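Going by the order they are written in, the chains are A, B, C, D and E; count residues from 1 in each one.
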Amino acid sequence: MTTAKMEEAKIHVIAYSSDHFLETTLDSVAELAEVKDKYSVLWADVDGGLTAPFLEQMGAIFQFHELALEDALNFKQRAKTEDYEDYLFIVSRMINPHHLLDSEQLCIFLGPNYVITFQEKTGGDCLSGLRERLRKGAGRIRKLGADYLAYLIVDAVVDSYFPILEELGEQIETLEDEILEKPDSTAPSRIHNLKREIIAIRRTIWPLRDSIYSLCRDSHPLISDNTRVYLRDCYDHALRLMDIVETYREIGHDLMDIYLSTVNNRMNEIMKVLTIITTLFIPPTFIAGIYGMNFNTAVSPWNMPELHWFYGYPFALALMVTIAALLTYYLFRRGWLKNSGL
Amino acid sequence: MTTAKMEEAKIHVIAYSSDHFLETTLDSVAELAEVKDKYSVLWADVDGGLTAPFLEQMGAIFQFHELALEDALNFKQRAKTEDYEDYLFIVSRMINPHHLLDSEQLCIFLGPNYVITFQEKTGGDCLSGLRERLRKGAGRIRKLGADYLAYLIVDAVVDSYFPILEELGEQIETLEDEILEKPDSTAPSRIHNLKREIIAIRRTIWPLRDSIYSLCRDSHPLISDNTRVYLRDCYDHALRLMDIVETYREIGHDLMDIYLSTVNNRMNEIMKVLTIITTLFIPPTFIAGIYGMNFNTAVSPWNMPELHWFYGYPFALALMVTIAALLTYYLFRRGWLKNSGL
Amino acid sequence: MTTAKMEEAKIHVIAYSSDHFLETTLDSVAELAEVKDKYSVLWADVDGGLTAPFLEQMGAIFQFHELALEDALNFKQRAKTEDYEDYLFIVSRMINPHHLLDSEQLCIFLGPNYVITFQEKTGGDCLSGLRERLRKGAGRIRKLGADYLAYLIVDAVVDSYFPILEELGEQIETLEDEILEKPDSTAPSRIHNLKREIIAIRRTIWPLRDSIYSLCRDSHPLISDNTRVYLRDCYDHALRLMDIVETYREIGHDLMDIYLSTVNNRMNEIMKVLTIITTLFIPPTFIAGIYGMNFNTAVSPWNMPELHWFYGYPFALALMVTIAALLTYYLFRRGWLKNSGL
Amino acid sequence: MTTAKMEEAKIHVIAYSSDHFLETTLDSVAELAEVKDKYSVLWADVDGGLTAPFLEQMGAIFQFHELALEDALNFKQRAKTEDYEDYLFIVSRMINPHHLLDSEQLCIFLGPNYVITFQEKTGGDCLSGLRERLRKGAGRIRKLGADYLAYLIVDAVVDSYFPILEELGEQIETLEDEILEKPDSTAPSRIHNLKREIIAIRRTIWPLRDSIYSLCRDSHPLISDNTRVYLRDCYDHALRLMDIVETYREIGHDLMDIYLSTVNNRMNEIMKVLTIITTLFIPPTFIAGIYGMNFNTAVSPWNMPELHWFYGYPFALALMVTIAALLTYYLFRRGWLKNSGL
Amino acid sequence: MTTAKMEEAKIHVIAYSSDHFLETTLDSVAELAEVKDKYSVLWADVDGGLTAPFLEQMGAIFQFHELALEDALNFKQRAKTEDYEDYLFIVSRMINPHHLLDSEQLCIFLGPNYVITFQEKTGGDCLSGLRERLRKGAGRIRKLGADYLAYLIVDAVVDSYFPILEELGEQIETLEDEILEKPDSTAPSRIHNLKREIIAIRRTIWPLRDSIYSLCRDSHPLISDNTRVYLRDCYDHALRLMDIVETYREIGHDLMDIYLSTVNNRMNEIMKVLTIITTLFIPPTFIAGIYGMNFNTAVSPWNMPELHWFYGYPFALALMVTIAALLTYYLFRRGWLKNSGL
């Protein structure tokens, strides 16, 4: 069964010297050992289907440390750069653009004349554009060493975050507009989801930035000064990612406050309508109640003589209208009628 | 009575050279002195039942500093690494998976050819897997020194946090769902408990990370370069723990906000229902009150002639229905009926 | 079409030695190559209309690194200072005073005897005052080198933030006053916009400060000690900008709290009015209801004898007034009438 | 009058060599000069009653810097360690266990063979246990130098915080329980007081920790390597204090949120009860109002024929009950009756 | 007109050697050039009325850098210390005790034998006590150099913050008490003002502390080791200022929370009163409504026979009282009557 699985883990090889180029897919690790050292740069990419025995075979050829191989198989690593003297081990993560809480691990082994990449999942990665460039780019790109190829891979990973953050930014703006205009009760959960995504991306980018920083700061013999300039640029991109994410985070912090204040405003209006209606109808109802009393008007001229007045009923109605009008005026003066959108 | 107690503190010894292996339980410290130096690595584990005289005896054999022994007996230490030249003294803490606010202290003395561990409590620790590996692992593991064994112990402690954090993560998600869907009045206290647990775990992991960092950063003669690579990996794990805990912390901060906003939304709906009912019934009640007045219709045609109309009663009912309908339409246009879930 | 575009990107040249001065506008990069090295300081300013081929031509003359040229064309860079040995590459950003969320990129290449600036957008920049000084300032300013000119440009950028922040500060004060005096429902969105602007400006100034710091801290051969003193002053200005922005940020954090507390106070008053009216009218209405009951007074002296009292009606009215008066007194004693602004 | 005051400031002297021990109380500074240098360690403790002239006399004997003496008299110093070459000047603070916002200053002068301590207030300090140990501890303690005595004093100060924090922790838990179970209106002020105490203690411990750190980090000729190990342990204790205080601080931050959410929940229940009663009684009251109208049933069969039905009254009552029952069912279905604790 | 203004800027000179003392007011800068170098320490203080030409003249005599002179004229500098080799340039700020958002700039030039101070505003400063000491202090103070005088000036500035902070602290306590006892609607704006003042003072003290730190940390040839000890003490004072301000800030953060919780409590009570009154009167009113219905009791024994009962009216009243009593008991059991302060 291990052999069955191992057939799944195909090795996509791109190898080139300044005047040769090879692209092929190998079925076994043994074949890779043959290709190794024949070209000035060898890029072996394993796209998913990783197993412990497979990685051990790879490790045996290139003499990778067991800890690095373990990390390549354990898909929950933070982005990091580790110096094993003969090679650099770089872990980075790619966010899944369709599910931002999810990310795929990409491990890079950079040796003097090879780059080995292990991807967690099969399929769609951010490196297809790079492969195309390697196929076409006859000139300069093939003259540069493995360190430049590793830079290109890391750069492709970093740049893959920008469209994701742009999309996230649009989601935030849409949510902002909705909350300010017509918030509904699903808003809290949507705000919460957004914040979780921002937290998750932040936790992914932070170590990525650090790992690139350690690549471009220290001088490794495997990385030329020329490539270091490019890595510094890549680090700048990572800083911009952090800037964007931190901005989103601060905006995200405010969304719940805005939602609560909008909800509070609504409550305020509801209370106003309730108060206005109560204020307008309760006093007249009280007056109606008074003239609904059954005092015996026959025994005394004091007992509700209004009931027998010629204009008794109009008088009562006028009293009610007057009170309601006075209260309306009072509410108007306090400015309640204006704002309440009545 | 001290002797009675000392019998409780059993010393579990695992000792090995590349071709010898010994596992036994000693009843007295004196026996340990005999075993010492006979194997290339000696691991003496005391699982609970620690007393001051017992530790003094141990200290006498290995010449431990009195402060380190005091720390081993005072179970409230923070995780730390202290360099006493002849040996390293490492304090770490294991969270109780059944009660996250509680943690057990594990002290490690790492000497040139021995590892002594003192556990605060008897029973269930995270080292049984490691013991099994030592028993079975005939090859490489027994060839490496005491420093590697110490790494394995620290690594086992660090890795024991992952399932605990996973469980905590699930609790957070469950609570999140409940708060968003049907929050009840126990939610605040449950959120608070969760936050306390997160704070407690964070305070435990933070110094643990620092103590591992000081192990893998500085060069101690007791720790080989090879082991240092492994400790660096262990430090990476500790960083991941911190990442997870910090994420939980940020999520935990939001939970109360979400709860309050959900409770606010409920209040809003209650107010809406109250307002709608008041709005619909108060005006008709007022009209009913009017026609319940007792004005003498005999003395004047102005006094409530409606009472003698042929269709007086239907007219009054129609008036009430009309007003209620108008108000309903008004409420509908303001969008209150839609959202209120009536 | 590329040539058509290139005609748009005009090069404004100001060149001077201690006793010569030239100001002209060049149509092609080729002409610039001729002027180069003829004056002790050459300032070539390209105000918008940048294209990749144009920048490549410029890069070919001055031998700029492709990454720097790419950055000059990608208008989303953070402010930064990069040392390419033969020249310094400084990126800075100018806030659009009419739309604070928007900023324009200004790239500066500082070489031994030249300053090349690339602006993102055509039109209105903060450098017109500086140009005027160069035209008029016969004396000292023209004796100093290109590094001093670069300082003057950076200083102009930094100083252009002060009026913008002053304006922003006035907006904050206006909003504060409104929120405290008569908050309306647009306040949350306005507070939110203000906070976004503060966040955006902060994110712009932060790297600007860092880039100036790296200019005045490290010793580059291109920057004389004399100029470094000026840059240190410029750095002080950047620190003051940060101080102002941080102060705004802290004030901005409070605005929503104040708004919520004011809205809460209003709600409180509305509830008070509602409660007062209910309290005053409900009990009298109840009394009116009692004497509106139709108990047969003929069958029993117990059945509402009040209806037949000589002063029955005055008695009922007096009862109502008494109760209302007592409740008013109760509300008065609790201090509700005082604060409610009735 | 100065002499009168000086008599109050008694000097408690404990002096010892490995085989001598002296404990006495001196009335004048002059006597102290005689004792000085006769023992290997001299501890002069002045427990309150400090005056400027007194300190000047002390300073003259030991040649203390005027600034250190001023600090000893100004009782608002932060904890700190200052190196005056011939002696170390250590300021620390002891919290008053009965009033946590209050703290007492303790200044320590550590010279080659003396420790001078100045306490702000007379009476109860945390050093009585230490004095007892010195009296009894014939062996090791008296063989060690003045630096070890200074460590013992600092350690006693640090350890005196633990019971205070424990007590504070219990107060927090009590308050938490009360807020969650039956919050009353005094809770905000109690939470506020607690937070002030936590802030005050934090501000006291923070510099204490720093001052101990500077004692155990740098190598002073006055402090032996052996004592430094003990100070490092003392520093660990200070770190633990900080951990505890930071945990309290985070918990304290949440208390107000919990209180508000509990108060909000209560409001919610009150509103529910109000709404339920309104909902149940307003519609039947409206119906009663209808049948209380005085339409003339004689002029038309349309005018309230129900009044003359045989079962008119039961019909009206049944109508009311039906409406109330329907509304109750509606409220029940919305789940209001369940939670409201009715 | 420039000359007119220059007459306003008087130069107060205090100059001394160990046995000479001069205090005078000069009208022109030229006179100052004569006094210079005649005494071991010269202090020239310009108290307001600064103009560019005046500063240029001063600069010409002492050869100050134009940037330092510009800073002295631009009154919005942050506190800072700048080393111009021949002299130190120290900017500090004094808070206006009557308007805490306002602060006055004080620039100090410290040369080998002179101290020049430029004050932003004429009148009341914190240096009068120092001048008095110089006049009287015949002994030590006049033997020390210009660096000690500069220390005395900086120390006077730092110490002038303490009474201001004490006053602010009292204001905070007063506001706290008011908010907890009887908050009114002006509280939010007062809290906000207080927080702005705290923010402003914090932003003023922060750089002041840094500038003193750079004075006492680095070794400048202009500052003797003896003076550095005094500056370290001054730095301690600045740290204490920060401690106090940070404490105020944390307390200030809580004030709005407390206000909101108190306001919430009031709302709660209002709602309770409303609910109690509604609960007590609505059901009896309903009963009164029932017996106010006009069912024809003649056509049926089912139609409100109660109306003809002998004890009908007492029965109805008893029914009302019973219901009200039951509801009162219910409210009492829920504990509402207790807390509501009725």
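Methods note: contacts are C-beta pairs under 8 Å (C-beta built on N, C-alpha and C of every residue); 3 or more make two chains touch, one makes a residue touch a chain.
None of these values were measured; they are calculated from a predicted model.
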Contact-graph distance - origin subunit B, target subunit E: 2
Partner chains shared by subunit A and subunit E (touch criterion as defined above): C
Degree value of the rotation bringing subunit C onto subunit D, based on Cα positions, nearest 5: 145
Separation of subunit A from subunit B, taking each centre as the mean of its C-alpha atoms, in whole Å: 25
Interchain centroid distance [CA atoms averaged], subunit A/subunit D, Å: 40
Shared interface positions of subunit D, touching two or more other chains: 260, 264, 267, 271, 274, 278, 282, 285, 289, 292-294, 304
Neighbour-by-neighbour ring order, given that subunit D leads and subunit E comes next: D, E, C, A, B
Subunit C-touching residues of subunit A, taken from the complex the two chains share: 176, 180, 229-230, 232-233, 236, 239-240, 243, 246-247, 250-251, 254, 257-258, 260-262, 264-265, 267-268, 271-272, 274-275, 278-279, 282-283, 285-286, 289-290, 292-296, 299-300, 302-304, 334-336, 339
Contact footprint of subunit E on subunit D as seen in their complex: 65, 67, 70-71, 76-78, 80, 82, 84, 184-185, 187-189, 192, 195-196, 199-200, 203, 207, 256, 259-260, 263-264, 266-267, 270-271, 273-274, 277-278, 281-282, 284-285, 288-289, 291-294, 297, 304, 306-314, 316-317, 341
